[in-house]
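Naming follows writing order (A, B, C and D), and every chain is counted from residue 1.
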């Protein structure tokens, strides 16, 4: 009898059945098949740390097309998805291979439309952060003290100005740039651990992952470890993403390679340094994809193919946080 | 030779000498004397949890006048500061004694200007959160989906509207309410622990404390425990407020009473229930202040006066978080 | 903190065959309305009872989100405030306030918000600020807390009002702290939820469908007449076709409420 | 990620009496400019060397804030990226990105930001986006990263440019990714910091005072003439009165840099 008033496609409808179900654990194959569709806007976040590479590879294996990829630092995994023909539009604030040289496919796509053009929306880092904040908070825009005098607004019409309704410090009217929200169809993040319901705990650099999940209609969390409910509940402040925002939990140890997972394995700096040469040659890049992505059934096979000796080289020693006491009523 | 361009009073000037000094530990008496002045805008935050009562009492002891107090939930400590004549203006989103009845002095001040009027700026909780966010982020305003159709804008001219520069979901122009920043002269928070430089760790409800500190020109952090640098550095994600935002660290165990400190002591619900009767009678309220605030030299004396049997009643058992592994390079 | 917290109960016992109290009645009726709901934003007191009972009956996947920042609480004791330490220890997540209000509530992830008020009008507008004039009130009430945000952002809002009088069900609010969506629209601001869809009182249940609809009487408790409810309402209360009679609390519901949810009768006064 | 990271060094050694390399020279000169500075926003590479050396010499209380979220790092090894795991373990605070960019950087708590660029103009405007036209560039560069925010919000900005050529010190930028305050003002947006106040290059040091002032040559390295610098600059470079000669790196500075800061010569290429 009661029909809640919601507009079609409005964010209110994101509270869909299944969100709160007790067990969201599934395979990467099933998660990508169910939640990443051709034409989707896909956010992959993780700022140098916890980059969801395993998910990117599965998107490649499943041959997704015409994706809009949203990622602050478009780095190796984006270059790979570009090379596999998954991506027609990129929204980013840094398109480079960290400090280790260029992304070959990205540069060919942008500089020479080779093999096809790439629509590119250029922001700054905080502009991207604010787009996620606006998306997560269902705001029409988010203000930030950037872009004044930059050429970026001339190539990105989404960067606009708003007049503050309050006088500035000098009593005069004050203008400020704003960015629009981004609401990905699906956000994929990698994290250290989650429980089966999707309560997700991250430590070390936490970046903008929580906001990227909250901004999205659907969310896949890939983890190094699935843990018992008790582990999560022993430290609720560590939960960056609560279960009600998560649709699928995928266990993929070492799934952030070549990036790192704080406390689990270190960054594969050699691979970052090797990427410019691999990606600089389209034939070599195709071979790399054939061997390492199409040639592996899933991330477990990819990780195994790298070999235990390789992983021993990225192993880290233990540095445990101390506990805190949450207390219990006597 | 190089004169950085800063406007007088601009937020840039907040980076003052001493902020990064190694040791900021001082007494409550010295911290309040140095950083809380007559006429200041003082934010005291802590949402039910970790209310900075000990600091409020010291402000009363030192006889501060004409303060603008900014606090989301104006509860017992605000009623006490009102009764002591410290406060001429209150900015808040909830003026009540939690669920345990009324604040006598506050109601007399607002309902009957007895013994003197109280200027009151009324917001909602998220409106206050957004004011702190704007203040912390040096924004001219912060947008929020509240206040449409409310009578609050008619009594609070700071609630204004902005036209979004992007079309709404229906393609039409979209208006949204905004709040102005709040930039307290000083923010005082209570926390579980900090190191001598002011790196402050909070667990349990973390509320809006970090934003209130970042929004302020000066910040006093009152803690249950001063800890070694190593304790903080073993878990850097737990640090809610970094040292560079803190001016003074004060050690005042049990300084949040009658509120609680997760893992340290429980809430004194009996005192909350007793407050309506105490505060309902001006004479009784004066007696209470005379005995418990003016009659104690500092918070240590106040806590001792309550007695160990009393504190045993608020004791909590242990519920340790598990550790996480931050890893170390081999 | 949204005006929905109750004081402590007096702890008196209540056997299995004891008469149904007003609190029990309200809790049971409200719990039924939560069928299949998942994310509920609630204060402490009657909403605690209703949501806990719903979890054991019609809404097994229900999750209560507290304004204080707690998601997925697993309290060892019945909480006494929305920030009770027992809600934090063992919880699934504790979020900072900007994330809770911004990403969870305003982000549109709450199905049902529970609110209380000193006054409600026919559109579900609420007054929790003042009785009398705002600038010189006869009674200063606590104010909004997060109520303005709950109303603006939850998919729908349930209101529990113990007292049903013409003063509390008002033709005109002394002050509209928390408006329904009609007033938001008139102010040029898009409403994001339906506003108040259910009001459970000591006399019966009022409901409205969404924007443009006013509260109508849909059910009365056994022994209460439509005329009694209309007389206790400050506006000309209309009915929704035939007015049903509320099914009295069943034995199973009462047993769960009394033995599982609140055996110490903290809120079941 | 602000275009300031360097690649790994080749690890070749350098004895105490070895000739001063370009990297050492730039690091020493930049470190001196950090006297009494406290909060520095820096990438990895030359800024790491300069800030670490400054900590050991002229700015004992210096704290490096990294765009990745790290405050008060105490790394066990020289970090290889701004997000290196060794910066996190043992740090005083690791903040989420919205807090780092919003409350720390935009909040006005950074004294000096370090930036690099492919091109710089006389007002300290920077290009890190493209060589050529933006929509069909001959070289696509990484873009802003956080550089737009560092320029807009740090109290002042230091730029380290290894190569000093008319193409990199440009009369007109191919694209202005990161504008100085003059351009912001012309766009109707209030500048919050002074913009670029120091540019350290292989030839000397350029400086400007703040809004309205252009970069001028204030010092040359020993053996470099004013005319050489002017010839290597794409605009008509003016001088600041008498041009000083940079004091060569002292023995103590070199020893600290080579033995304490970067003994493995990761960045001291």
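What we mean here is this: a contact is a pair of C-beta atoms (placed from the backbone, for glycine too) under 8 Å apart; a residue touches a chain by one contact, two chains touch by 3 or more.
A quick note: this is a predicted structure, and the numbers were derived from the prediction, not measured.
The chains in contact with chain C as well as with chain D are A, B.
More C-beta pairs touch across one of A-C and B-C than the other; that pair is B-C.
With respect to chain D, maximal separation of chain centres occurs for C (centres as means of Cα atoms). Rounded to whole angstrom, the centroid-to-centroid distance between chain A and chain C, based on C-alpha atoms, equals 38 Å.
Between chain A and chain D the centroid-to-centroid distance comes to 29 Å (mean Cα coordinates, whole Å). Annotation for chain D: residues touching 2 or more other chains are 70, 85, 88-90, 94, 102, 106, 153, 181, 191-192. Contacts with at least two other chains are made by residues 10, 133, 138-139, 144-145, 161, 168-169, 174, 176, 204, 206, 210-211, 234, 237, 262, 266, 316, 319, 326-329 of chain B. If touching chains are joined by edges, the resulting network of the protein chains shown has some other shape, matching none of path, cycle, star or complete graph. Pairs of chains meeting the touch criterion: A-B, A-C, A-D, B-C, B-D. Residues of chain B touching chain A in their complex: 7, 9-10, 138-145, 160-166, 168-170, 174, 176, 178, 180, 192, 201, 203-204, 206, 231, 234-235, 237-238, 262-264, 266, 315-330. For chain D in complex with chain A, the touching residues are 1, 5-8, 44-45, 67-70, 80-85, 88-90, 94, 96-98, 101-102, 105-106, 125, 129, 134-149, 152-153, 173, 175-192. Partner chain D is touched in their complex by these residues of chain B: 1-6, 10-12, 14-15, 19-22, 133, 136-139, 195, 197, 199, 210-211, 214, 229, 232-234, 236-237, 239, 241-245, 326-329.
Every residue of chain B that touches chain C in the complex is listed here, in rising order: 47-49, 73, 92-96, 98-101, 106-107, 110-111, 113, 122-127, 129, 133, 144-152, 155, 161, 168-169, 174-177, 204-208, 210-211, 260, 262, 266-267, 269, 273, 316, 319. Contact residues on chain C toward chain A in their complex (touch as defined above): 38-39, 61-63, 65, 70-72, 74, 76-77, 85-86, 88-95, 99, 102-104, 106-111, 153, 155-156, 181, 191-194, 197-198, 207, 209-211.
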